[in-house]
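Before I ask anything, let me first share the structure, which is written out below as structure tokens.
Per-chain residue numbering starts at 1, and chain names A, B and C are given in the order in which the chains are listed.
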Amino acid sequence: MSEEKRAREETSRDTADHCIACTCCIANCPVTEATKEFAGPKLVGPAHSRMTFAEGDVEKTLDYCSNCKNCEITCPSGVAVATMNMLQRGEYYRHHKHSQRDDMLAHGERMGKLVRALPLGATFANLGMKIGQALGMFSAVGITNKRDMPAYAPQSFMERFLHIKQKPSDKKVVFFPGCYINQNDPEVGVAFVEVMQKNGYEVLVDEAFVCCGSPMVVTGYLDEAHDHAHTNVERILDWKKKGIPVVACCTSCSLMLKAEYHELFGEKEMHEAAENVYDAFEFLEGLMEKGELLEAFKPVDGKYAYHSPCHLRAQGIGLPALEILNKIPGYQIENLAAGCCGLSGNYGFKADKYEVSMKVGEKLFKRVEELAPDKVVCDCGTCRMQIAHGTKKPVCHPIQILAKAYK
Amino acid sequence: MKEREVVVIGGGFSGLMAAIRSARAGKRTALLQYGSGAFPLNSGLIDILGYDREKNEVKNPLEAIKNLPKKHPYHRIGEAAVRSSADFFLKLMEEQGFPYEGSVTAHRHVATAIGTWKPSSLVPASMDLPDLKGKRIIVVDVKGLKDFDGKMAAANLTERVDSVVESTRIELEPVEGRDITLLSCARFMENGGWQKAVEALRPLDAEDVIFLFPQVLGIQGNNVYRALSKALKGSVVETTGMPPSANGMRLRDVLLRAAWSAGVEIVENAHVIGAETEGKTCKYIRVQAGVHEQHYSAERFILATGGFYSGGLYMEDLQKPREVVFDLPVSFDKSHWTDKDFFAEQGFMLTGIATDESLRPVDAMGTVVLDNVRIVGRNLDGYDFCREHSGNGVALSSAYKAATF
Amino acid sequence: MEKATVVVVGGGATGVGILRDLAMRGADVLLIEKGDLVNGASSRYHGLLHSGGRYAVKDQEAAKECIEENTILRKIGHSCVEPIGGMFVRLKSDPEAYEADWVEGCRTSGIEATPLTLEEAFRMEPRLSKNVVSAYAVPDAAIDGFRMSCQNVLSAAKYGGRTKTYTELVKIYQKNGEVTGIRVRNTLTGEEYDIECSILVNAAGGWCEKVAQLAGLNVPVQPDKGTLIAFNQRLANHVVNRLHKSSDGDIFVPHGSITILGTTSMSIDDPEDTSTHPDEVEKLLSIGAETFEDLRSYRILRVFAGSRPLYKQPGAEGRGASRGFVILDHAEEGLAGMMTIVGGKFTTYRLMAERITDMICEKLSIHEKCRTAEEPLVEEVSTEAKARAKKYFPSFGLELAATRLGPEAFDRVTKVLAENPEKRELICECENITRAEFEEVAGREECHIINDIRRRTRLGMGTCQGNFCAIRAAGAFYETGKLEAKDSLAQLKGFLQGRWKGIEPILMGRNVRETEMTRALYELSFNIDGGKLE
């Protein structure tokens, strides 16, 4: 059997057999670097996968893996290390009870819906979070009070979208906003619609989409994430049939839809659906390569620094946002190239992981300080939160720069 | 289709060197990485040629190249490229604040983690051994440190030098949590731990002492080495080490920065799965980027995917090894695939891709197969880099030559 | 001069079984072995504790012995046996008629063979070929040959039974048709000395013929080499046998973290010949792939071979030769006190030992009855001790260490781990061996080279095949201060060379990656042959 054929047929767990213990994952794991408590990706993932026959044991430090994927990015042998860890974590929580903290952190979508159902819900929720933080209510359940919880936008993206007037077009994309853009940072979604309109595309949304499941996977709600995957995959396949691609601006959402679904759950439909999903700048770069991207940019002033999210780097598509932003006349942007930000979705919100999370981000913060940009640009919402928290610099999504250049 | 002028496949030492040189030559260069190269295993020493076929240490590596078998890649690379690539490398490292010492015409000696000496040509400052005459060597072991045994190293060194090598054991970070690897100890040293080392070594410190450390002197550049050298009267020297090798990681870090600042576009997790060719030209290569396939075209493709370890070559069933990107002809002697003696010259190590003098792949008849493809590093056939100690030397000089325009 | 009433030659399963039995009955007994324990066929086999199913048609007597001994060994050697159960599967291509004979054979031999629906079979073994047409569950199990033998030695020691490894028999002294003593050589130091004895038991397996020759006797033994493959993972959950006339490559035994596929059968001249050839591997793989179709996609860790000592009967060789055993009392040929036991199989080692021990005891006028079937080899580590130790051991490492070490050593190791966190370092990360356990074992008198420690701990027997633990082991062994450990580079080379032996014939797929790395480390980065500095 050829290596390629084998790669298609094997499950993530099977890839443990490829591990030759070379230590690339250990050398490049940001959590391993930040804390001595974590046994390290190799031991927790592929090495232990051989030993489960011996006893019904649990690796004590499995909890430390943040699913940032640097192990998989740097593994020369194609071992799905982080995926194995997430599967193992999911397995653990099939037999163990979740904490209230994990429940809250994994289900931001549920909370968001609740907030939106109340009049002035967002305002009160934000206020409530401030008060909660001040009174130590979060730390009581194990959520750090050292950083702010993401604030709810006055109107969600889906609410804003209803009021956006678009030029209709035969060329269409479906936007997958994801929880963070929808609830906390709808400007990114609005900018996306503007950019697509400029390029002659009409943007659709799909009310039936649910949270991609990334926060559930990392907190061990694997079965629930599986349900979400089914819901989303069914919708994506429906759009695929109509010939309309699904595009996401959040790199963790796009990684989930494009890769993690089938890596975690191994269903054929997930792979088929993934073929119809694109990261926003991946899609735009595709247009650029075909000569279909509107390149009539107006200059954008200021000094910018770019942070590449780990979940983008894992996609194997390079840094398409940088490629495109560099086309803007006079635009100054430098790649920070300083590794993981440390937040990893909801990881850095856990009280016991806050320090680790900040330690991981140290190099990035330092690099931002050195470069002293006016603004830090990053495709990932949680990375932006962490950078803002760690450096006090303003942050934005690259699509917002592009929208500006089109104005 | 992504159109680039140069596409380098592979982000190990030779790939990064080729990409840096290409970009500095003004070429729009993309570097495609799958994994992170062999850096965690790489000592970071640039050996040109340590030993001849009879396993005698050579005096002048550049001279000794002349006596290598005809098929050896150095003959294709040529002495001139070996010499200029070393100059290029030394200058680059100097610029990046991570200086190397040495030349291609002589050997320096480095201490290994098991207590032997190893000849090498270009050596990072931290591993460069001073004159041993009249010196007292003390091996510094660290409490709880894995992969290094100071007493064993000292005993073996004693048998290989005309004096008694001592050892001492210092306490740095508390032994708790995960095992202390060389890399984690190096990180501890980087974050101020070196001061603890200075305190612990103070009682033994003297002008005539050489402190021989395991490979733990920091992970970024040579800050820790410089700080220690300044704080201690004795000399500070580092040995080679087990993976994850701190010096390999330092070298990677320096080269990645040099690549970025030269304008190299680095694409991570990009699995190159094949190529589209037309006649003797590669039109584009196919990259598996998750579920989507992306195509990269280029005027020149530099194949730096490494040998068997790095996955550039694959032996499925003992019948025929395969080159995984272009399916190039692989030069292979089936009757000499292995030797029963593990440390003898191994046929699988000689297995690789035959090229012409421009490093273009050739078939068994010597005819060029692809005009716009260059082969560098461990992919090349005809040398057992472990036995002769020439791995990074061939990698460097072939990368330099392949990125000459 | 050293003395023993009985000297047993050969530290294989049979020899240690006799040692234990004799010691338990009160005889003064010494076992000598020219290498380490079980370096012959007793560790170089698939590690199958036969249910007897394999012999149900051809040799019902052997089948009955197997099922009886299987039941006994599970009881007395609890920590050596993985009671995973076994399965016989018939493929489309296997003759149907054999199945009925086999079912009948099992019934008459007392082997419980439960028919499985195909659905059940695929649930139990999802990777099984879809060409399976019928399947039965049988009480097969996996057994650790090395541990079983070590525990026999430990148990014997409690009763005064002595053991000398790396001690080779070089001469047999006889006087007036009676054995009077032997001359032995320490194979590590070359030192020779005499031992006085009145009974000499030749239990040297494949080497029986050579031992007998020292006394001028003829015991024709045909060494029959079997080659086996060890895979990196457990690719089956149960022992899987092909339901057909016994042949090559038709047994899979999951064993700890690995799976062993065996075997071949080839007559050879020299029992020392444990070489393997890529052709044998290819043969095993192509036959094995009939049972598990995606077999070739699994990483092979290594390949190894051992030779079955078949007692030569005219006209019978290879698989036709008897797997049964014979006991020869050479008094009948004029040398009193000399006996040979040869043939048999691992599963029935205890029974063989009991039979010959009965005969020896009669000569020695010992009337004690055999108790080896009732008394456990070692006591088990208590649940309380394990619970106390849990927090000091690595994940997935506690049960394994407990079964490897037994109660006393386990307690010592736990104490060291508790008091000194430094000793919690994992020397072998593939098989979860701590520095404390390594030191416990390395310090034992019988450990002279790293390979001795390997056999007692599984050091270097997992994924990386010694690549990462070699340097740690050489260092930790050096630190014991043992004389043999001083030449650490020779220890290191010997260990790596030993690992290479099993990899060299199958240097393909991911093993080439691993091997290129090993050489890059030890030959390049560590310059293991590096000489003096000029």
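Just so we're on the same page, a contact is a pair of C-beta atoms (placed from the backbone, for glycine too) under 8 Å apart; a residue touches a chain by one contact, two chains touch by 3 or more.
All figures in this text were calculated on a predicted structure; none of them were measured in a lab.
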Chain closest to the middle [Cα centroid of all protein chains]: B
Which of A-B and A-C has more C-beta pairs touching across its chains: A-B
Chain B and chain C: spacing of chain centres that average the CA atoms, whole Å: 42
Inter-chain centre distance, chain A versus chain B - centres from mean C-alpha coordinates, in Å: 34
CA centroid of chain A to CA centroid of chain C, Å: 51
Sequence positions of chain B contacting 2 or more other chains: 38, 41, 176, 243, 309, 311, 314, 316
Interface hub residues of chain A, defined as touching at least two other chains: 22, 39, 77
Set of chain C residues in contact with two or more other chains: 296, 426, 468, 513, 517
Chain B - residues contacting chain A, complex: 1-3, 30, 34-41, 173, 176-178, 181, 183-184, 187, 243-244, 249, 256-257, 260, 265-271, 273, 287-292, 294, 309-311, 314, 316, 324
Of chain C, residues touching chain A in the complex: 232-234, 254, 256-257, 294, 296-299, 395-400, 426, 429-430, 432, 462-464, 467-468, 510, 513-514, 517
Residue ranges of chain B touching chain C (in the complex, touch as defined): 38, 41, 43, 47, 50, 55, 57, 109, 112-118, 132, 143-144, 146-149, 151-152, 155-156, 159-161, 175-176, 179, 240-243, 245, 307-309, 311, 313-318, 337-338, 340-343, 346, 348-349, 385-387, 389, 391
For the chain A and chain C complex, residues of the former touching the latter: 1, 6, 9-10, 16-22, 39, 42-43, 46-48, 50-55, 57-60, 77
Chain B partner contacts - residues on chain C that touch it in the complex: 278, 282, 296, 421-422, 424-426, 468, 471-472, 474-476, 478-479, 486, 488-489, 492-493, 496-497, 500-501, 504, 506-509, 512-513, 515-517, 519-533
